[in-house]
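Note that the chains are named A, B, C and D in the order they appear, and that numbering of residues resets to 1 at the start of each chain.
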Amino acid sequence: MSIRALVWGENIHEQTDPVVAEIYPQGMHTVIASALEKDHRIRPKTATLQEPEHGLTEERLAETDVLLWWGHKAHEDVDDIIVERVQKRVWEGMGLIVLHSGHYSKIFKRLMGSPCSLQWREAGERERVWVINPNHPIAEGLDRYFELTNTEMYGEPFSVPEPLETVFISWLQGGEVFRSGLTYQRGGGRIFYFSPGHETYPIYHSHNVQRVLQNAVRWAYNPLRAWDDITVAPNVPVDLALERLEFQGQGG
Amino acid sequence: MSIRALVWGENIHEQTDPVVAEIYPQGMHTVIASALEKDHRIRPKTATLQEPEHGLTEERLAETDVLLWWGHKAHEDVDDIIVERVQKRVWEGMGLIVLHSGHYSKIFKRLMGSPCSLQWREAGERERVWVINPNHPIAEGLDRYFELTNTEMYGEPFSVPEPLETVFISWLQGGEVFRSGLTYQRGGGRIFYFSPGHETYPIYHSHNVQRVLQNAVRWAYNPLRAWDDITVAPNVPVDLALERLEFQGQGG
Amino acid sequence: MSIRALVWGENIHEQTDPVVAEIYPQGMHTVIASALEKDHRIRPKTATLQEPEHGLTEERLAETDVLLWWGHKAHEDVDDIIVERVQKRVWEGMGLIVLHSGHYSKIFKRLMGSPCSLQWREAGERERVWVINPNHPIAEGLDRYFELTNTEMYGEPFSVPEPLETVFISWLQGGEVFRSGLTYQRGGGRIFYFSPGHETYPIYHSHNVQRVLQNAVRWAYNPLRAWDDITVAPNVPVDLALERLEFQGQGG
Amino acid sequence: MSIRALVWGENIHEQTDPVVAEIYPQGMHTVIASALEKDHRIRPKTATLQEPEHGLTEERLAETDVLLWWGHKAHEDVDDIIVERVQKRVWEGMGLIVLHSGHYSKIFKRLMGSPCSLQWREAGERERVWVINPNHPIAEGLDRYFELTNTEMYGEPFSVPEPLETVFISWLQGGEVFRSGLTYQRGGGRIFYFSPGHETYPIYHSHNVQRVLQNAVRWAYNPLRAWDDITVAPNVPVDLALERLEFQGQGG
């Protein structure tokens, strides 16, 4: 098993905000890719908004098993054509891991079919991520909980559909709770949303967060052949019906 | 309880296909509305594609508790602005019942986040709709199954997300199966997909089908006040946190 | 609509612990029943462990639409015959609301098929119950959250199956989170688990908690006729098959 | 990855019914184990009802990653102690695959918390198993459907909880449908129910059925360490709370 992961970074905060640039001098996507590489089963690459076609050409997506998505400031700058392309690949079986502010990305909102809103606060408060389902593959190697010393608060209600599985729920110092790890399936593709990851804190340097991302990539990986005709609605001719049929005519 | 239902009809086949016009001289939407009216708890109206704003103005949607949707030939002619408007109302709590070929409507695909494909055949074959969950409100008053003498075949795989509940599964004479009654929730809105309803057969004149639609309208009705800020992601200022917080600064 | 609710109380702490007796001199079940009675659609009665057949005779259950269950010290004293009787009624369509320490009752463990364990602490700490699904019927009339000044902590992981819907998640002062309101379906019966309700605090006197219980009773009420043959696996004779069949013999 | 599978057979029909003995001279469990062995990632063993402790000692279960269960005539002869032992191992993370008439086994009914009833007919009719979720690991390598020439009919309603995922739905020649492949999770354990497998037909000799079983074993395998304290509800002392707490006393 060698999983081809692609870490997509919006890559704007890192270029414009000195606080972020100091924590992630090569960009968050690079730190995430390095973290994935520590798992020998994963071969990560990176792509950014600024590349032609945002680095998400047909060819590149065809060679991607699991896509990770970090975006925040420029959701609207992501071309609808590219969003549709990514969505089709998810339907065909590509895994997708949506990170933090990606809750409001075009791709996540399209796949959820719901607003994906939440409440938020930037106070650098403490977050404790509780493992709800300790035997879930995404929780492998974690303790009962892990903490982030400084975090941006994301709070409920998070207007997403009922998940397939609730993997993590976070406790926030300021008094909120948040479903911080949720799984979904859309067509052949597995989707994992993971909320920690605010750009002004070194969250992607955290050992536990890196572990979650490695686990999530392996979980989202679907080795089956692509469901490439998923958007087609084929007609079955009457004479090819599996049980013998005669045309019964139309009307009442 | 008096539920304001709005039956939306594409209203094209009825105007152009003599077979359909004979079965539904006033349109399918009119027959469906009359069927709903037999339930004294429901007050139905109708709207069609051809009306200004497709009959789905802000005012009309604000006065609608449950919307029923029948479309087929002209999905692409439904204005994106109107689709977004309907979607927002669903998120706020309006019920939505998607009928038959509406599986490929813009509104259903948006709310599902998946292709909503299936296989199909027009042979006028027999369909037997099995009740999977006999105590579900949508199955009230039905026997263990009901039959449609002539139907268009819709067959699996139906590329929709795992439903909240599987209410009906159909047996098709030609050898297929289909999940013909599925429930979902998106934001505050309940959604029911019901597959029977091909335009060239008198399916909406069927007593059992009419019963399902009445039940579904009552089930989808949400009497709570609209969740009208569902698309807003509010900031919670640090000094208004529920538990006392001090700003911890940014960075690593 | 007039819903026949039955509030079942273990009724031991109230008789043996002066702290509890002071808060609930007539027992928690009586306070809960009085709370339900404020909703004119609900007609509550009570039953206790100490009555013959624990007050849960065949006749009484047959006249019950929704059963509420509070137990803690004496789960093992509930007769297995009675537990099976209650379970069968749930399968037939009776609603069940399991309260607080009832997570470890025989009836809840049987219906869940899982350990239903959790972690706990008695410190009188603050609990904030967040509404995850504001348009759910069980959340009707609530604000975005409500607080309990003093509570027993119940914390994750709560080893129950993935729920149908997550209605509430609680924030605990001591640092834990808990899925405090969960819905399930088993056969024809709807089940709601609600965690607040420790006996040494006046939680069932709380307006918000009373509102949740009223809402939950209305939600769990199933007006359809009982699915009374749900435990039967009927044979369908070959000559009564819906599609004409001939017996094909046995063996390879 | 080397998965330790244990195929449990009731092993009665094979000893008493000449039709069954001819198809499965060494027992169904042996044919199933041989089928699993063709997948080099799986190391199967067998156990039967007739062995001491039904072949399911503590030691043996501790060395089992995935248990397959075929029973029919003698569900009541399975000792409750053994059932509880198996259930605990499932909760700890052991996978469980329940076959055919195992729908009425003590272990499956306990884990589902519902009656698990269905309707049935022995006519040797045709069954067509449709793949609902083609990219599910359990469907790997299958076509859109596969057929069983002769089968026992199992028909809906199947009184089980809503599954995590619906993998297969069957079309029956006599006019019924059945959810023939369903997944569940209970505690740390993944459960797959698969309905084909009547003893008087050579179903477990079918290539497609063997493929499903191999896939299901790999899917149900959980490599994480056992969740061995899942039945414990630990107290968290006040002075060990994660956030500093002071005991607030009891009462109103």
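Everything below uses one rule, namely that a residue touches a chain if its C-beta (ideal position, glycine included) is under 8 Å from a C-beta of that chain, and two chains touch if they have at least 3 such contacts.
Bear in mind that the values here come from a model prediction, so they are computed numbers and not experimental data.
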| item | value |
| --- | --- |
| Contact-graph separation of chain A and chain C, given in steps at minimum | 1 |
| Chain pair, C-D or A-D, that carries the greater number of C-beta contacts | C-D |
| Centroid comparison with chain C (C-alpha atoms), farthest chain | A |
| Distance between chain centroids, defined by C-alpha means - chain A, chain D (Å) | 31 |
| Where chain C and chain D are represented by their mean Cα positions, the distance between them in whole Å | 29 |
| Two or more partner chains touched - positions in chain D | 128, 133-134, 155, 162, 164-165, 175-176, 185, 187, 242 |
| In the complex, chain A residues that touch chain C | 128, 130-134, 144, 155-158, 162, 164-166, 169-172, 175-177, 179 |
| In the complex, chain D residues that touch chain A | 93, 128, 133-135, 137, 139-140, 145, 164-165, 185, 187-189, 222-224, 227, 242 |
| Residues of chain D that touch chain C when the two form their complex | 19, 22-23, 91, 104, 110-115, 117-125, 150, 153, 155, 159, 161-162, 164, 173-176, 184-187, 200-202, 205, 230-238, 241-243, 245-252 |
